[in-house]
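What follows is a set of structures to go through.
Here come two complexes built around chain A, the first alongside chain B, the second alongside chain C.
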Partner chain A sequence: MQNLANIRKSKNGKQKVIDIVAKNFLFFLAILSSSFIFIVVGVIIVKGITPFISDNNGLGSVNFYKFITGNTWLTGEAFNSNLYSVGFIILSTLFIAFLSLLISFPIGVLTALFIAKIAPKKLAESLRTVTELLASIPSIIYGLFGAGLVLKFVYNLSALIGYQSKGGNSILASVIVLAIMTIPTITSISEVAIRSVDKEIIHGSLALGATPMQTNFKVVLAAAKSGIFTSAILGIGRVLGEATAVSLVAGGRRSGLSFNLLDTTSTLTTTMLEGMKETVGLDYDIRFSVGIILMIVILLTNLILNTIKKKVGHVHVK
Partner chain B sequence: MKKIKSLILVMTVLLAFGLAACNSEEETFNAESNITVYTRDTTSGTRAGFMGGIGFDEAESSDSVLVEGFVIKDNTGIMTSMQTDEFGIGYVSLASLTNEIKGLSFNGVEPTVENVINNTYDLKRPFNWMVRAEGDYPSQAVEDIVEAFIAFLGTTDAADIINNEGAVALPASDTWDDIKAEYPITEQDNSGVTVRFGGSDSIQKVAEALSQAFSAKAGNFVADHDHTGSGDAYKRVVGDQKDESVGKDVGFASRPFKDTELEVGGVALPETQYGQLAWDAIVAIVHVGNPVSNVTADDLKKIYEGTYTIWSDLISE
Partner chain C sequence: MSNRNVKEKTYLGMTYGAAFVSLAVLIMIIGYVFINGYKLLNFDLITHNYTAVTYISDLDEGFVLNNYETQRDFDEDTYYSTKWGLALTDDTDLQGKNVVVVTYVHPDSPLNNLHNKGVGQSIIELKIDYEIIRIAFDGAASALSSRGASLMITTLDNNDDIRELEFATTGGGIRGSIITTLYLIVLTLIFALPIGVGAAIYLNEYAKNNKFNRMLRNFIETLTGVPSIIYGLMGLAIFVPLTIGLTKATTGNIISGAMTLAVILLPVVIRTTEESLKVVPDDYRYASLALGASKTQTVFKVILPNAFSGILTATLLAIGRIIGESAALVFAIGTSIKDDVYLTDRSTSLAVHIWSMMTDEPANFELSSTIALIILMIVLVLNISIKLISKRFMRKYGVLT
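Take a look at the complex of A and B:
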């Protein structure tokens, strides 16, 4: 404070004091907003660790190894048993995420290429607006759309090929709903990345005799690699975190890992969501543990994808 | 060439969606197909009532004893699933039954309100209420109104309202006018008094109809409804959440109260603090194209535990 008083007396003192105060205020705001992450993560971790270390009102603590590797969500009666495990659910979640990214990534990137490079200006403008609108639709709407139309579609499709699906509730239905949800996200971010590729690179390629299509695929997409990869990371983040929409079409599988596309399934998020409002005790606390597992899965996926992104390398963009 | 290719692609997609939009034209029911079993979550009161009613108590809160490959849906989810899945079977509360799905007769008795009242339809669960301990209310006015409300539940006026909402009221003999003299609080102007109702969301419609009708007879008190599940009937009225902002004065549960809910701190609750207000009938439902129209408790148990796996197991009975 003495320093502040001295500074104030010097030339332009008042401006300098305001400067220092403003800097400190911004610093304080940054600390405040980043502390929320720690608070949220901290609470989840504390509540999620309790089933493993406490006695859970006489039911006994949950075995962590069995929790990670088991094949049945709950053996025994609810509220009377501590034999929970999410092993098969983790694998189902990753499988569904991978499949939906497999569908939405090519469609999203190619749509972005069309909007950024090939479409006439007016069409590009309207498509861009449509994509941004779709990206901001709340996920419950996609869930209702899934429950209304996608289920019927998958049911009729499976009847066509002779396999009896369970009313359409299946991995295929979840993947379709998730893919529809992530295409707008991937498209809008990839489109920005493609648009900011340096014009000189494109002109150079065209000047060397490549056709526009060859340039688009071999030069532009390669140059926008970094941004396109970011869109994939965000897409996977949205897929892994989706709860309501998937819970309406997944079917709530409670045991047994299955990779059959037309079999029911459940993900980490739907397991946390189903029955949450009516449950007490260990059944309620164990959902926080599932939350911890989910956070670890998301963290690992992001780390892996980010490492791949760095290895893939940058091309200098404007 | 590109345009023709994209046109064909669009046509295929439209055709597939067209299949989804229009109903299946098949008239014959393929009895060799698997039975797709739909159920509610383990925390659902409807599930507890259904499993108890068919004699499959172990399945009330355990998923491991059910047939493999069942589908978990919520109330509306099961109804919409029965409209698409021709080979599915599920269960809903009688009050939710519509014309677009087929309710099965239970042990030869059709699932109608009349049959529940005359006690021939057996697949049902109790609707129970619980109130706070004497003196534990926000004010004496609230306590008196709640006392009067509980008495109201036993009158024929309340029975009419409950039956109207699709639940089945217990037999009653008095009308409200017969007994209202015993509850002078209802003659006063209670528009400044708020009574908090909560508990089971299956009972929400019935509870709101009852409180609305009673409010008009009891000085127009404000009825505040916040239904979050049968578990909260005990928790928010007598249990550890009763003094928080979510605490309630009257809690409803769509299942019998557990032993842990009939006592607080080791002391059993007095019998005046809880009771039953109605029955709720549960109906087994199938797709309208399903030829089955009657099931026994044993049939349903065999379906849900996995002994019957294809429809011809059941139809040949």
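Take a look at the complex of A and C:
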């Protein structure tokens, strides 16, 4: 008996040690994974604040108020200045995001409605695949498509109305490319929301004498409001954060706010991508400051949209 | 009533129209990339270097001029010199200038054994598709590529020796970027899979449903919403200095790029793995524990193998993201296109290769579209495989999709 107890003790003991070690190791991996968000945010903030508080090798510290309100972006080392302003870039970024959502949101939601409620099963299945494929196409390919086809289209369009655009690089081209990119995001999430609308609501509407389309547009969409709003939030997140595709069609604007659709433009992300050659100095550090602004813009838009969503989307959708 | 009918039709038409837009966009993108890209798509593209190298060479001592007869038929704008065993054709390059391209070199021709006058390897050979820039002779005018292939062949036939031969190897290949992309895939998976799968196991198998663990989950979920360009900045600020300190790298490099990609992919890997762990029935866990297996044995020998297809899906999703990612890599590695790829040096993945060429002046549309076509094909194949795998997995456990 004594022997048996010993064996069990030693065997169990060994297994227990392994169990504890394994658990703690896996716990460490989970902590590591979740800590990256702090590393990302922390690094960007620490690096991004540097230009505002340090002397920048004699250029003088960047004035934060001018940085977020000003109207000119000069690359500091080249112009030997500390004049960097993203005020006009913030506004044009928001303008572009708003316009592209204005195009992609109705198309995305209507496509979702079509897939979920109207299309025959086979057609719905293939359109779902189309949406998935569109979502999986890398952004650089959208950029290439934009640079090859959308730019030509915009250039010809502006030539038609007698406006000399810079090779088509414009707000309009950026808006089109970004709208195309966000359609699949909006479609797939709205579709899930629309599909999970309670059948009883639909039957109730039909029983009251509403036509199928009245039901779809006035009842189903209203019931799926909350989910549809979520899709818009995710869509705008993608628009604001998209970098390489826009950088190929935006044209790069250094100063002056312009809401002219055929004028060149800059977004926060394209500004960060410009002139990637420097690895030291103010031109390098200032990208992190733009990064902070980008994160703040995304966070604020999300917060505002979420507040609106809570106010309007009170129909419960699972 | 008819008014109502019209309204009904309008609404219906609107949804049809919207759905058609999605389809049209997909067709346009694939069509555009295919039409512009397929011309350059061939095997040479994958094996060739990107940058063309120019060599100045002369003939090796003891060469023999002979009658190099060939059975091959040449087009009428191809000129063959039997004396030297060399066939040349006129062509125009991207700038519209006339170039002379080698179309055939006889296996015994003296031009197979040239002596390099510049730096680099000392013995070089003339290969098909190389461009001849200039041939200089002793006591005769040089034959230049701008004068055409026909004159060059005639001059060659009139001379018995070459003083100097200047030629350029073929460029425009994407071998370096393909190798870089493969390196990135392997390295990123090495970094991301163990951490991601481990974290997923903890969250699904060990973590109690309490505030702290929900917080961990939330933090990981938040990572998905961060734009990739921000990850790029983080890679630039942390991983680039880290790799410079630990390895012999001096700039952004493939390792720092892979680390950055690994962070981007963590939430995807964790979520996909967790979902597949959730589907494994609890009976398996109880059965294993009841048979006397320890918790660790149960997790690693029973549950993990059953969640294998989920991990496979995560891997495929990750590969798709790695191939398509561009913004983060522009920061974390750099944008200089390389032919000799080292882990500790800059290079471009296929996607960054496109970006790099498109931001150049003038933009190289043809090659960009060809690379885009390659990326598109890989991504589509990956997507279909993921669909098939998850369908099989779901059927195995009787979960309705």
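Here is the rule we go by: the second predicted complex is superposed on the first by the 277 of 318 C-alpha atoms of A that agree within 3 Å, B and C clash if a C-alpha of one lies under 4 Å from a C-alpha of the other, contacts with A are read in each partner's own complex, and residues count from 1 in each chain.
Simple rule for what comes next: contacts are C-beta pairs under 8 Å (C-beta built on N, C-alpha and C of every residue); 3 or more make two chains touch, one makes a residue touch a chain.
Given the structure is predicted, the values throughout are model-derived calculations rather than measurements.
On the superposed chain A, the two partners chain B and chain C do not both fit; they clash. In the superposed pair of complexes, A:F288 makes contact with chain C only, with no contact to chain B. By the touch criterion defined above, A:T111 reaches chain C but does not reach chain B. Once the two complexes are overlaid on the shared chain, A:L248 sits against chain B and chain C alike. Of the two partner chains, chain C is the only one touched by A:L32; chain B is not. In the overlay built on the shared chain, the residue A:L160 is in contact with chain B alone; chain C does not reach it.
Applying the stated contact rule after C-alpha superposition, one finds that A:A147 touches each of chain B and chain C. In the superposition on chain A, A:L74 contacts chain B only, with no contact to chain C. Looking at the shared chain after the overlay, A:S139 reaches chain C, while chain B stays out of its contact range. Ranked by how many residues of chain A each touches, chain B and chain C are led by C.
Residue contacts after overlaying the shared chain place A:I44 against chain C, while chain B stays out of touching range.
Aligning on the C-alpha atoms of chain A brings chain B into conflict with chain C at a single listed stretch, 73-81, out of 37-45, 73-81 or 307-315. Residues common to the contacts of chain A with chain B and with chain C across the two structures: 147-149, 248, 279.
Those residues of chain A that touch chain C in the complex are listed here as 15-16, 18-19, 22-23, 25-27, 29-40, 43-44, 47, 106-111, 113-115, 118-119, 127, 130-134, 136-145, 147-149, 180, 183-184, 187, 211-214, 216-217, 237, 240-244, 247-248, 269, 272-273, 276, 279, 287-288, 291, 294-295, 298, 302.
If you check the complex, the residues on chain B that touch chain A are 16-17, 19-21, 24, 33-34, 36, 38, 41-44, 58, 60-64, 68-73, 77, 80-81, 84-85, 87-88, 228-231, 235. On chain A, the positions that touch chain B within their shared complex are 72-81, 147-149, 151-153, 155-157, 159-160, 164, 166-169, 248, 251-252, 254-256, 263-264, 274-275, 277-280, 283. Contacts from chain C toward chain A in the complex involve residues 4, 7-8, 11-12, 14-19, 21-23, 25-26, 28-29, 32-33, 36, 194-196, 198-199, 201-203, 206-207, 215-217, 219-220, 222-223, 225-231, 233-234, 237-238, 251, 263, 266-267, 270, 294-297, 299-300, 320, 323-327, 330-331, 334-335, 351-352, 354-355, 358-359, 363, 365, 368-369, 372, 375-376, 379-380, 382-383, 387.
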